[in-house]
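Shared between the two complexes below is subunit A, which has subunit B as its partner in the first and subunit C in the second.
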Partner chain A sequence: MSFWNTFTAELRKAGTLPASWVAVAVTLFGSAGVTVLNAVAARTALDSGAQESQGFFSAFETAYAAVPLGTVGAVVLGVVVMSSEYAANSTDAGGGRQVTATLAASPRRAVLLAAKALTVVLFVGLTAAATIPACIGVARLVIGSGPPETVGLDDALVRSVGATLYWALTGLIALAITTLARSGIIPLVVLIANSSVVSFSLLLTHVTPLAHWLPDLAGRRLFVGLPTVDGGLDAGPGALVMGAWTFALLAVAGIVFSRRDA
Partner chain B sequence: MTGKRLAHIAVAELGKLRTLPVAVMTTVGTAVIGALVAAALTAQLVDHGLPASAAAVTAQAVPFLQIGLILLGVLPMSHEHDGGQLRTTLTAVPRRGLLLAGKSIATLLCLALAASAAVGGVVAATALTGRLLDAPPAEDVAGQPVVGAAGYLVVVGLLAHAVALLVRSLIPALVGTLSLVLIVSPLLAGLTRHARWLPDRAARELYDPTDAVLTAATGTLVMLAWIALVGGIAAVLFVRRDP
Partner chain C sequence: MLLIEQLVKRHGSRTVLDRIGFEARPGRVTAFLGPNGAGKSSTLRILLGLDRADGGRALVGGRPYRSLRDPLRTVGSMLDGSGAHRSRTARDHLAWVARSNGIPRRRIGEVLEQVGLADAGRVRVGRYSLGMGQRLGLAAALLGRPEALVLDEPVNGLDPEGIRWIRGLLRGHADGGGTVLLSSHLMSEVAGIADDLVVVSGGRIAAAGTLDEVTAGYASLEDAFFALTGREPGLEPGREPGREQGAAR
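== the complex of A and B ==
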């Protein structure tokens, strides 16, 4: 099959997995829910006559604070695109795995992995394109039009793209680890833990400053302007380091995936 | 008679768990990673010139340990739904309520074993690291927070078991419980005081009693009520629906 056909096939597979849509819905409604809670707090402060400080009443800032949560959705998307291939079918139906059929249809494995990676990026990108504007809309609705928006359109766009990039890279890392592990358990546990307050990477920074070069910590300033731990790389170099990790992991996954038995 | 059958079922379920490689790896892995996390935390405390007591390090290590216990709690039920094993199980033990009781007992035993191993690993690693780094000896020898931490890990694992029974599949149960404990609960705790009624927040009183309303006993009761609620609904569905 041509790359385009493989890609559309992968898109259709991802689109018909219930787990993909659960991940999209959790990202969208989870972020929107947190935005509502933040915005209600801002509204209450505004009503009780608090002075404006540090863009607390900005609809964009309120919405943007909820965006890091969406990383979980990206992780799930990256994982299920690959782990669904390895899930064993019912023993009544032979107990087979989808990956054998997939590889029979597209024998060029590197191309297949590239198609899967593109699918993950597209899904994550579309989820971000729906989630971030929706959260900003919700925040504006709750806070009201009283306080002026302190974040310019350019700035807002750059920061949204940064967050989307972080999501996409995390999704790709999840895809690479799932391909290597042939199971979703390890990437889910590691990546969900690391995108929460209970982060193994964060713990490692107390042992060695080299831990700031781990992918999730290197890229954390892609959420431009959100408070984070001190030290480590800036947004630009951090994005490059995270991108390099992603590329390296995908390359290793591609080589392993090409060489071993399915 | 029923008691004897229940014991047989529990032993059979324990055998299944013992021969499930991922369950054994999770138990061992949690203890090993817990020890490494404890060593890192101890080194950090010693660096800042603070006494590294077993209680303090355990309290900080529990958020990491609970990940392993959640995975272990999810496994016994979700692996039955992997392929058609549940049908074989139900053929051998048609009384579903009894099967569920036996499975829950086996899960509880596994969780208790894993939690003890994990907390034991943390305490040992703390003592060893402290000795190696010539840390000032910690004065407190109170065992309560350490035992409480093991209890917390067991109830969190039971909650994961109940969730897995409800959703019948590994990935949703794992993602759901992990997200609740690692992301939703800290997030809501920052926004509202009512977050103390969340299961993991309430049970946290067992090893880190800081809440103004709940105590270790009432916090555990709140957690058990959550487990009973989720597990009760799941058990009714399990008994009534097609496998």
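== the complex of A and C ==
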């Protein structure tokens, strides 16, 4: 089956690209590192006899607070899956780009982009499935004995799925933008800065409330329960708006990718 | 097998291909000759569905490349070297190429052996020399046991032994009933391989036919080439319309 072949080839490609594993490692160890810091703070507070407030000593809350950082990993995954196609080989080796070989093997470009999108979702999903439980485990280990967990399993699961969805949609937006840009540098700089250092969308909300409808802000309540700026959309509608952005950007990328010369 | 008809390609106001047409037939090695920038790569890129034509058509066995199912089983190609990402090993590169067209994994070892890269299969492509990259590109082209081979400047970067080897390989493929279309700007390399020649200059066909037909009246292929492409010192640039013949359409 054509899609299956293209998809499994893309999976293999992503799996044999060192940059993909750097993205996974950044997510896993970055989130775990922040979790350790949060957990040490909680443990210290606990030792000095502080009273529990707002789940500060919950292992889940401690780990979950570190999860937004994983967005960076999702961005890198979304970018490298496409930017690696356009990276020029050294001139010693002919200076060619992989996209030539890719399109010769899979000339149906819409199918190819769909296969890449599914690859990003799968990689991000698996990374989340490893990262979030690992962070909870780290938090439990560091906090040690203390008050019982305040977050129920159902609640924890829903919030983890929300965070994973945010990562996946961000990864897909990164894929779409990289497809349009045909290079990873600009999407990487803009999206990583926007999701870690300073949010341009957030700054824009001071200018116009419409900025709450931008994809990253619309979806921010998918990190259920984390403190965020007031206003804007709730988790459900926000997810729909972010999903619509993602779909629209991928559709535009697909049309441009199909029509332009490789 | 490979049919190019009235192909036109423009980049802005510049016409890169001006009604290019020729055919590459089974059992024969067809060489697509021309100076750099004459339109060889543009033609091959359109044939392989990478770029779109502004007019005319390019068909593989009567169908556009983009409509082929598992195209690598019909056409093996190499443009701009291997097309492998530098951080992957040759084996990993061939593994995804094979997977994309449902080609059995055992072919990876076979083609690496065939192109003389059996010992370098686990080396990252970024550490390859130009010649090794060309061999890897050929390995990928051969992976699906295709009927046709389309190769852009395949002798680039190969040492004399490599050139001799690729001649044997392409000759063998054509003698086995396969179709070979290769582009080159190197006369001497082509003279020893080609059955049919298509000479292109400035985006137009300057001459086409069998090796003997195209070189008739000239001391060598090289003389014919320079006369046909108007590159001979002292000759006015331009083509000789009287020499369009043979397989040209």
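By our rule, the second predicted complex is superposed on the first by the 259 of 262 C-alpha atoms of A that agree within 3 Å, B and C clash if a C-alpha of one lies under 4 Å from a C-alpha of the other, contacts with A are read in each partner's own complex, and residues count from 1 in each chain.
The working rule: a residue touches a chain if its C-beta (ideal position, glycine included) is under 8 Å from a C-beta of that chain, and two chains touch if they have at least 3 such contacts.
Given the structure is predicted, the values throughout are model-derived calculations rather than measurements.
S.K.: If subunit A is used to align the two complexes, do subunit B and subunit C fit next to each other or clash?
M.R.: fit
S.K.: Contacts for A:A41 in the overlay, against subunit B (first) and subunit C (second): which applies, first, second, both or neither?
M.R.: first
S.K.: Output check: A:V158 vs subunit B and subunit C. Expected answer is one of first, second, both, neither. What do you get?
M.R.: Touch partners of A:V158: none, neither subunit B nor subunit C.
S.K.: Kindly classify A:H206 by the partners it touches after superposition: subunit B alone (first), subunit C alone (second), both, or neither?
M.R.: first
S.K.: Check whether A:T6 is in contact with subunit B, with subunit C, with both or with neither, and answer first, second, both or neither.
M.R.: Once the two structures are laid over each other on A, A:T6 reaches subunit C alone.
S.K.: After the superposition on A, what does A:V229 contact: first (subunit B), second (subunit C), both or neither?
M.R.: neither
S.K.: In the superposed arrangement, which partner chain does A:A193 touch: subunit B (first), subunit C (second), both, or neither?
M.R.: Only subunit B; A:A193 stays clear of subunit C.
S.K.: Write the angle, vertex at the C-alpha centre of subunit A, between the C-alpha centres of subunit B and subunit C, to the nearest 10 degrees.
M.R.: 80
S.K.: Looking at A:A19, would you say it contacts subunit B, subunit C, both, or neither? Reply first, second, both or neither.
M.R.: both
S.K.: Answer with first, second, both or neither: which of subunit B and subunit C does A:V252 touch in the superposed model?
M.R.: neither
S.K.: For the superposed model, what is the least distance in angstrom between any CA atom of subunit B and any CA atom of subunit C?
M.R.: 10
S.K.: List the residues of subunit A that touch subunit B in one complex and subunit C in the other.
M.R.: 19, 87, 89-90, 92, 95.
S.K.: How about subunit A: which of its residues touch subunit B in the complex?
M.R.: Counting only subunit A, the residues touching subunit B are 19, 22, 26, 34, 37-38, 41, 69, 72, 76, 79-80, 83, 87-92, 95, 184-185, 188-189, 192-193, 195-198, 200, 203-204, 206-207.
S.K.: Going by the contact rule at the top, pick out the subunit A residues touching subunit C in the complex.
M.R.: Spelled out, the residues of subunit A in touch with subunit C are 2, 5-6, 8-10, 12-13, 16-19, 84, 87, 89-90, 92-108, 259, 261-262.
S.K.: Applying the document's contact rule, which stretches of subunit C touch subunit A when the two form their complex?
M.R.: 45, 48-52, 65-66, 68-72, 77, 79-89, 92-93, 95-97, 99-102, 125-126, 128-130, 132-134, 137, 140, 156-157
S.K.: Considering only the defined contacts, which subunit B positions touch subunit A in the complex?
M.R.: Its residues touching subunit A are 22, 37, 40-41, 43-44, 47, 63-64, 67, 71, 82-84, 170-172, 174-175, 178-179, 182-183, 186-187, 191-192.
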